[in-house]
Structures are given as structure tokens and as C-alpha cells.
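Okay, so subunit A shows up in both of these, paired with subunit B first and subunit C after.
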Partner chain A sequence: MNKVKNFLKGISGSSWAGIALIIFFAVAIDNYLGSRNLMNILRSTSALVVVSVGMTMAILLGEIDMSVGGVITISATLAGMYMQAAGTVTVGTVVIAVIICCLVGLAFGLFNGFMIGIKKFNFWLVTFGSMSISFGLAKGVTNGGVISGFDKKFQWISTGRVLGISTCIIWAVIICIISVLILYKTRFGLHIYAIGDSEVCAANSGINVRKTRFWVYALSGLTAGLAAVLLLARTNSAGATIGEGYEFSAIAAVVIGGTAMEGGKGGFKGTIFGAIFISAMKNGLQLIGLSNYWQQVLLGVVIIAIILYDVINARVRFKKSLRRVYSEG
Partner chain B sequence: MKAEKLNLKLLFIKGSRVVVLLVLFIVFSVFTENFFRFDNWSNIGNILLQEAPFYMMLALAMVIPMIVGGLDLSVGSNISLSSFVCAMVIRETENPLLAIIAGLMVGCLIGTLNGYMIAKIGVPPFVATYSMDWIAKGAVLVISKGGQITGFNSFRAIFNSWRGTYLLISLVFMVLAWILYTKTVFGKRTYCVGCNAEAARISGMKSAQIRILAYLASGFVAAMTGMMYISKLGAAEPTLGGAFTMEAIAAALIGGASFVGAKSKISNALVGGLIIVVLNNGLIHIGVPGVWQDCAQGVIIIAAILLERLLEKMQTERS
Partner chain C sequence: MEQQQVLLEIKNLTKVFPGVVAVDHVSFDIRRGEVHVLIGENGAGKSTLVKMLAGINGIDEGELIFDGERFKPADVLDAQNHGINMVHQELSLMPNRTVAQNIFVGREPVKEKGLKWVDLKKMNEESQKLLDGLGVGENIRADAWVKDLSIALQQMVEVAKATSTENKLLILDEPTSSLTTPEIKALFEIIQRLKERGLGIIYISHRMNEIFEVGDRITVMRDGKYVGTREVKNTNVDEVINMMIGRNIGQLFDRKWNKPGKVLLETKGLTGLRFRNVNLKVHAGEIVGVAGLVGAGRTEVAKAIFGFDPIEGGQLFREGEEVSLKGYTPKKAIEKGIAYLSEDRKQEGLFLDFTISDNIVPVMLSKLFPNGFVNNRKKVQVADEYIKKLSVATTDSEKIVGSLSGGNQQKVALAKWLLTKADLFIFDEPTRGIDIGAKAEIYSLMDELVREGAGILMISSEMTEVCGVSDRIYAMHDGEISGELIRGKDEFSEDNVLSIMLKKRGSHE
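Up next, the complex of A and B:
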């Protein structure tokens, strides 16, 4: 019971509005909460929640990894090109394709980590630069086209079923569990929170800030690569736009999940909620019959509203605490 | 003798971007056939009159918020939205002046909303403007239903009556911004706010108002760019401004602007815009295919921040 309470506390207050929205969909749409549609929602959450692992860590540091969308695109594209070049697809080819995704993601992550963590460049500029490089590379190698039609063996990664549950959901759950363990149970996770709270304090108490930051970006790249695998196997096509907007959705998932943009507050449990919320909302809007364009607008509006609510809420609380201090003093 | 040497070095550090521009220009002129010859000005004329104005304006729209320590990621979709609204007004009323006013108002509205969220409510600039980017991007798709508007010759005639109109307008904007931000009290205040908004507020400046005005100016310039662009193109499309945000940031950074408040200058936008244009055009002439241009943009951004670091080091070594 206590754990449930803690979980609910991890969700930011504004997200209760989101829950109200889902209830609205449940009333408005038949079978919205049917097991089939719920499965659909979870399936489309799988890639997003995996990207959000890295994004959560970056935002807990008080920074943002803008490059994840691009990294997904380039890893998926390169893996897809490899599989097309390989021709006959065996289990070995599939494994190599997955490894390519991970390595490409990791390579971008390591580059970001080196530039930001070790060389102390502005995180914003570096990740924005690698976002534009990765999207550009994907556009260049595909010549602006689309690669599609992969082997069933590769598609199994996302579309297969084990015990009646889609494999992509299983992968996502496994990755979520690992990252929850990393974030909450290891020294590395603790260091992330400490640095996000106050970098100076963390450095003074002996935490290796550079190393921690380096690994956060490396992990963020790696999770983007993993998400690319899930996405590639689910959509069965890759092109220069496959990962477009994922950085925005990931930031939104993290922020809706109650992690503060200034770092040090929040956690991964909220992010899982945020990611599911976004997918549920997109799904609901789709089923109601709104066009893609409206979905984009509404998503932007909802995210801004939630961020505004949280920022204003934090300020009100801050003022209240000040008043208490003054009235007592 | 020694003092002279030091001065040269200082001059090099200060004017490094101009040096980069000249080096690029010379390299491309020497290594390609058609980029520039003394007996062949057509390419350079084209660049200056048809491309450079837009990049300079884009960089300007990005540099102004950078002065107050922020940035504007909604430039691209602002351009799409304001230019599309402008085209719609022309289609409905056939009145170019009204259309221009409508377009500028949309741009100012987006800019003001950005500024209000950032300065009054305290949302981090890139979150506020990035969300705004998505909203505007969606809004233009909604109002256009994915289609495009072509025609509007009465409107195009204003800009296309003389070849140099685009360059003239962008230079006028540059000069006005330069006067506003370097020669007036308002400009000095803006730089103070960029340095330390809280300190500026305490010393009696209307810090929030100045920051809102900076974003408003950015929206205004972006809207103007959008309208110039559709008049050049002859068609308004909902996805028109897609890559512009990236290009604006690349241009501003390569021109020497910095995300640290109060370190950017209006001249950075001018030089940055020119460098990007020369680079884009030169790469095409050297034989880099168009699909690799996006990638080149990213490399430019990374190269720009590396260059920045190098110059900083040189400066500290000097002192």
C-alpha cells in the first residue's frame, strides 16, 4: 500500500488532469479500455519509453539530450540498410542488425558525452549539432528515400508474441526494470541526482561529475539505439524521418512524469506514466477521428499547459515557504 | 614592434569570423569553376540578392533572443504560419498591405507568447519555444489542410519589382536592429538584462518587458522573412519553414553569437548568414549532393563551437 502511495506521489499533480482525459476517452470511445486497444497503446509506448530512459537521466542532470530523435533515425536506417544488403536473413543477421543499432546509438552517445561531460561544452549546442548531423546522415545515406520490408525474423522482435504478450512490450518492460534498478539502486543513479541538485556540492563531496555526465549521455545514446530496434521492427520501414519528434515526445513524457527541468527532482517511474499517457492520448485522438495535424497542436498545448502548471505551482509553493520563514522570523 | 604583433593577434581574434568568410570565399573561388570569377559575377550576384538576405534575417531572428540569454526554436514554424496566413489573406482580400500586416501580427503574437511564458512565468526558453514550434507547426497544417497556396502576383510584385529588394530590406532590418541594440538606451538595457536579468530588475529596469520585447522582435523578423520567402518562391506551403530553425541557429553560432547572454552582437548575424550562404553554395559547386547539406549543417554547428573554444583559449592566453 505504501509503495502505491509513493508511486502516486511520483506523478506530478497536473497529470491527474491527464487521467481525467483518459476517463473522457473511455466514455467517448467504445472499447477504448478494451484489452486489444490497451495492448495497442502499450505497443506504441514501447519505443518511446525506452528513449525516455536516457532522457530522464539527462533531465535529472538539469540538461537535455536533443539528439535522440536523430540517433534513432540514423541507427534504424543503418541497420535497415545492412539487412537489405545482407539479402538472406538468418538469426545471425538479425543479431548483427541489433548490434549495429546499439553501436551507432552508443557512438553518438559517447560523442555527446565526451563533448559535454569531459570537454564541458554547452549540452544544448552539442546535442543540437549531433541531432542535425544524425538526421542529415540518414537523409544522405538513404538519398532521401525509404527502406522497408524486412524479414519476419527481424520483425519478430516487436511483433512476435510470447504468452500472448507482444514482444516489444516485454523488451520495454525489461529495459525499464534495468533502468529503474540503475537509477534507484546504484551509486551511479545517486550521483545523477546529486549533480542535478547542485553540481558544486556534488563535486565537493567527491563525485566525479565529468565521468557521471559522460556516462549519462552515453546511456542516452544507447537507449536511443535500442528504441530504434523496437521501432524499426514494429514499423517495418526506415527513412530520414522515422525518429522525427521523438526528442519532443521523450521530453514531454519526462516532464509530464513530474521530473523537474532544473534537475535533481523526479524519477523514472513518473516517466513511464508520462510515456503511456502520451500514447494513450494520441491513440484516443486518433480514434475520435482527429487528423494528425490536430493531434500535433493538442499535444503541444497539453504539454505547455502541464509545464506551465508545474512551474506556477512550484513558484506558489516557494512563495508560501518564504512567507512562512518571514512570519516565523 | 611587439605591441604591433599583439594588436594583429587581437584583431585576428576579434575578426575571426570575417577571416573565415574570406578564406571560404577564396577557397571556393579557386577550387571551383563557377563559384566566382572576376569576369563572372552571376553566381555571386545570385547569392547576394536571392539567398543571403534570408539567411541574414534568420540569423537576426535568432541572435536577438540570444542577447537576452535565450533562444527561439519557433522561428521555423513561425515562418510557415505567418507566411501562410499572409497568403490566405491575399487569397481572400487581394490586398497585399493587409496581408503583410496580418502576417506580421501573427509573427508578433507568437513572439509575445514565447516572451511572456519565458519572462513572466519562468519557463526555460527552449522548452517554451520548442513547444510553441510544435503548436505553430500543427496550426499551419490545420489551417492549410496540408495544401498550398500559389499565385498572389499583386503581392509578389512589391518584392520582385527590383532585384535588390530582398537585400535592401534585410540590410534595413540589420541597420535598424544594430542602431536599436547598440546606440540606444533600450539596447544598453537589453544587454544588461542579458548579462543578469535579476540584477537589471533590481536596478530598476523592466527586465521582463525587455525580454518579451526581444522575443517579439524575433517573431517580427521571422514573419518578415517568411513573407519575403513566399514572395520569392511564389507559393506558400505549410512545411515551408521546416529546416529554418536549424539553419538560423547554425548561422548565428557560426557568426560568433553565443548562448551566454549579452555576448552576441547584431553583426554576428550578418557575418554568420553570409558564411552559411557561401558554404551552402560552395559545397554544391564543389559537388556535394543536396541530400548531404543537412549533415553539413550539423558539422558546421559543432565546428563553430570548437572554434569558439579555441578563440577563448587564445584570448585567455593573451591576457
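Up next, the complex of A and C:
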């Protein structure tokens, strides 16, 4: 009985919320757990989980990259404009469009990394600045309009099927696997954790803190660019709002996944769960007919509730561990 | 042959920080296979010096001859690559990583074939071998989380980390400041093993008995300068202390003992998050020292009495009257005439970027300026009065506090509390990081305060200080008061204080 109790206590707030969510929607919506809808959920997770790669790394450092939503927008917009200008779309144009997304994302990432990592400016100011620049640029070059109607060849990136699985899911899985390997298996990955856990210790141990931080933001820009590709091909349109709110969703996915805001604790595996959770919730709310606006409100409430649960739990455990130390004596 | 013995020659090493020459043309040498003790009061420049050797602080002047060659460490990694490693005073491990990851951080082994993945298995095996070699492999598993280890074991992990590379010089900065007796013994055994391997070891400590047990030679520093080097077998405690303080002990701790008056503060069964059942008394006219290891709960008790940390149980009496602990905050404590001089002057005690006058008045704003507007002339007037009273070395009251020396900063922090007319002072490590001259001034100020009828509770890790200025000494261990010494009744010696602070009350051992 005690074992069961301890097991239940060990489950994080987000897992409880996930279980509750699935039960609720499964009862409320026909075929919510059907393979078709599950595919839908995973498809809408794909771009989010990719942009969350960079966000996970930034938060593991104890920082945040606020610019990812804007970077997605400008990357997608510029690639879309290129394809429109190119007219006839060949495989070559598609490849160039993808490269444009990646390069634009990487460029913003390198800028952020240079300013924050090498020049030691505050990460809030720099990434907020980049966010404003990227959103503004996207609005400026499109004049606030929307570009849409791309060639099927380009759309295939997200909407195609291989062995019955949507291509966007396959890309996302590949990127996830690479990210997990980088984070858990390379020296770079371990150094991210080390810096997040104790920057002084990391520096005293000879880790190049500046360089590591530089590459984290560079990678975050790159993953935002990759997310832009998936999003652009899936929605078949680009405009000044395509990446809006992605910074928030990505932070939410990371935090729901159990990565601590103070850095050094957590990891990308949790983020994958967090991203799926958010998409599943949005999908369910859409299906029961809640408008976008109210979805946003509810999402905020749920995230705060989950975090509250976990924080309170951690505090109780901390106090208990202190008492245990005393009573043992 | 003699040439071969010398591992490191330090020549005229100098480091200047804003407002202070932290290390001033220091020269001495370290031999292979010796434990070279570096000793000096707080602020003597020991830590700054060894940080230069370890590549953390840059070298402003002077040179090092290491292993027969001129050497100037570019950074930590460079020093490590040459075989110089340091175990820091504050533990500098990553709590949320495993032991192995901590030991190998910054130079994780990678697989030779294919993509250069980190070789976690090799990392664990090598770490375990290292821990076994130090004789602590049974207590520490390489894959354990560091946060789950006791402080003593974490220290061992630090030593393992520092000796994991090809090592020639190991620097231990106050390694025992949070260890108990058996733990210290275990550490000394490790030091013995490392000595036999031919390592040169620089050992920084405050504790005399330890130094004479583990050291081969002793070098004394004072106020950033080199005082002298002695063979342990040719010197004694008195000589070393005299070298450290550069004057007669009686002159440094100039106290006029007087009879204690009424009880100013009493706690009964005070319990909080990191301490429990604390009973203590402070009388008017006495300085009560609180000794204990780092982490024993001393600062936590002080902060609880000051209303900063929550109190979960027990009672607090001020001049015999019980203080209501409901909604007890620093504001209430200040109203009750309690003052707390923080151990962390730079973070908690002062606004470093503010002027002297802005640092002196904040607690008393509403009393000094009852209409709500700050009157600059009055502010400066008040500040000038206390600058004069405490002889703060400054041109005027509008100087930025951060630019003052440690001793003068401490005087400003103190002035703030003197202004409140408090009569119960809690001094938490009052002389940390300040020079001998300023120290003597702080002690005589404390003496003046208690002669005027105030009571002082002084937390200190420095044995000479605790023994030198206290009327009574409480020792804390593991969140509890573990013993008490009374001047006139008990002998105030380092050994006596250590014996009560390292042993738990009612211990079954």
C-alpha cells in the first residue's frame, strides 16, 4: 500500500495532467484516441518539438531564447517569398528554400550567441531584441500580407507519406534522435548541463563557457529555422503571424517536460512529452469547439497549475529531507 | 639534488584589486612530497595567492618557476594541463550531476572509434578506480548523485577530481572547514598517500592543531605580504600566531572584561528549518561567541532571531519579555533593537554601488525623514557623524561603498546599525576579508559597544577570534548547541572549542 502511495507521489504534475487530459478527451470526443486523430496530434507536434530542442538547451543553461517565434516567422517568410519569386518549382528550388530557412535561423542564432555568449550581454535583452527585429522584418517584407500556395513538391516535406507515416513526423523524429544524442552523449551536451548546474564550477573545471553558450543559441536559431520548414510546408502559407506564440509554447513544453528554469536539471526526453501534451490539449479543445482565444487562456492556466503542483511538491520534499537528517541523529 | 627537490618557486608574486594590494611581492618555494601550510588571518591574501597559481586570478607582477621552467598559467585549463589543481574552500561541485561526471567535467573521455560520443562507461570505471585509490571507493559510488552525498564525501570527490589528472601540485583551500574529526582523519590519510606519490601540496587552514599534525613547513602571510617560512618541527603555535597577527595577542583583542548585566536575549527551544532546540542567552555587557563548522546552523539561528528565516517552534525573549513570533520579520526585529551584521557583506550587508551615506541611512529612513522626503543635507550630516565616529577612511560621505577596502566597508555596514540605537547585535563573521589593522578597530568597537550596555552574539569560524574576544562561547553542531565554555571557568583554547563543536550533544560514540 505504501509502495503505491509513494509511486503516486512520485508522479509529476504534468503526468497527472496528461492522464487526466487523455481520459477527459477520450470520454468527451468520439475517436479522440483513434489513429487518425493521434496522427493529427503528432503532426501538429512536429514543428513545436523541433523548436523546443534549442529551447531545452537554453533553459538547461538557466536562460531562455525568446526570439524563436520571430525567427520561425522570418525564416518561413523569406523562404516563401523566394519560392514565389522562383516561379516554377523544381527539387532544386525546394532544397534552396530549405537552406534559406536554416541559414536565416542560424544567422539569428549566431547573432544571439555572439551577443550573449561571447559579449556577455543579458540574454533577455538580446533575445527580446531579436524577437522584435525578426517579427518586424517579416511584417516589413510582406507588408503585413500572407504568402501562400506553394508547390506540391515543397508541401511534400510535411504532408507526404512514407510507409503510411506523415513526413513531418519522420523529420521530427529524426531531429529528436539527433538532439537526444547531442545532449546526452557528447561533451557539448554534458557541458550544457555543467554550466546550468554551476557556472563557476564549470569554468573552474576548464569548460569554455562562452563557446558553449554561443553554440547553444546558434543551435536554437537553427532548430527554429528547421521548425519553420515543417510549418511552412504543413500550413502552405507564410505571414507575419506564422511563428507567433511559439516561444511560449516551446518554453511550456520544456517546463512541462520537467526541465528546471534555474538550469542543470531535466532534459530533452521530457520536452518531447511536454510538446505532445500541449498539442494533444490544443487538439482536444479545438475538437470540443473552444475558440483559439479561450484555448490560450486555458493553456496558461494549465501550465501554471502544473508548475504549482510540482513546486509545492518539491518544497514539501525538501522540508521532509531536512527533518530526516535531524531525526536520524 | 637540492635543485630537484623544489617543485615551485614563487618570485615576487603580486596581485592588485581595486583599492587593495591583495598579494604584495610574495616569494617562497614548494618542494616535492611536502605539505606546505599557508596560514594567515582572514584577508591575508592566501586564497588570492593560490588562485594565481591555479590560473583563476591573473598575475599582475612576478613569476613562477614550476618544475624547472618559467610558467605563467593562462587559465584554469592551462594550470591543470601543467599539473596544478585546486580544491576550493566553498565546495565547487555540480550537485545535479553524478560523481563521475563531476570528476571528469571539462575533459570527458570520448570513444576512439566512430563519432566521438562520450564514453560514460569508461568515465565511471576510471572514477571508481580513482576513488578506490584514495581509499574511499566503498563509500562513494561513481554513479551516485553528488547531492546525495554528505559534505565530507563531497570533499573527497573534490580531492579525487583534483588528483584525476597527472598532478604535481595540489592546492587545498581550507579543506576541513566543514568536516568532523573522523572525516578529517580520513582526509589526512589521503593527503599522506598523495605525499608519498611525490606531490607538492599547499594546505590552507586556520586550525593550529591540524597544521602541526599534517604540515611539513609553514609559510605565514599577513595583509598580503610574506612574513616567513618555518619548518614545523622547529616552531610552535605561539610563534606562528605572533607571525600571523604581527603584534601581541593582548593588543589585538583589547577587551576590558566587565560583569554582565541583565539578560537582553534568550531563546528557548528555538527550532527552524536547519536548527532545532536552541537555548541561548545574551547578557548586556557581554560578547557571546558562536563556534561551529560551516553548515552547523549558526547563521540560520542568527537570521531566525533577526526575523529573516522562519521559526517553527520555541520561544524568543527580549529583556525577559516574550516576542510574538507571529508575523515576525526583520522590521519587527529592528523595532525591538536587534541588529544583524551579515557574513556576506557584499551581497546582504551593503548596496555596493551606492554611496556611503546612502548605505548608512536606509534602515532609519522613516525616523530621520518623517515627512517622507529625503533631506540630503541631513543625510550627509548623519553619515559624516558616523564616518568620524568609526574613522572610516574616505574623503567624503558620497564615495561609492564598493570602492572602499573590506575593513572600511564593514565599518559602513556597522554604522547603519549603530544609527538604529540597537542594543542587541548579531555579528556574523565580523572580520571576514579585512586586514589586521581594521580588525583590531572592529574588536575595540565591539568592546566599546558592550561597555555601553549592549550585548553581542558573534558567529565566527576563526578560533583565535572566538577565544580572544568572547565572554562565553557556544558551539553548534548539526543544528544543535553542542556545548558552552565560560571565561574564568573553562580554558578558552582551540582544542577545547573544537572538542565541543565537533561532538554532538548526547552522542553515543
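Here is the rule we use: the second predicted complex is superposed on the first by the 310 of 329 C-alpha atoms of A that agree within 3 Å, B and C clash if a C-alpha of one lies under 4 Å from a C-alpha of the other, contacts with A are read in each partner's own complex, and residues count from 1 in each chain.
Criterion: contacts are C-beta pairs under 8 Å (C-beta built on N, C-alpha and C of every residue); 3 or more make two chains touch, one makes a residue touch a chain.
Being a predicted model, the structure only gives us computed values, none of them experimental.
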First (subunit B), second (subunit C), both or neither touched by A:I307: first
Winner by number of subunit A residues touched, once subunit B and subunit C are compared: B
Which of subunit B and subunit C A:Y293 touches, first, second, both or neither: first
First, second, both or neither for A:F128, with subunit B first and subunit C second: first
Residues of subunit A contacting subunit B in one complex and subunit C in the other: none
Residues on subunit B engaged by subunit A in the complex (per definition of touch): 117, 121-124, 126-128, 130-132, 134-135, 137-139, 141-142, 145-146, 246, 249-250, 253, 259, 289, 291-299, 301-302, 305, 309
Residues on subunit C engaged by subunit A in the complex (per definition of touch): 56, 75-77, 80, 86, 88, 92-97, 101, 105-108, 110, 116-118, 161, 273-274, 276, 478-479, 504
Subunit A - residues contacting subunit B, complex: 64, 115, 119, 121-122, 124-126, 128-137, 139-140, 143-144, 245, 248, 251, 255, 261-262, 291-301, 303-304, 307-308, 311-312, 315
Touching residues on subunit A, where the partner in the complex is subunit C: 181, 185-187, 189-191, 193-194, 197-198, 200-207, 264-265, 319, 322, 325-326, 329
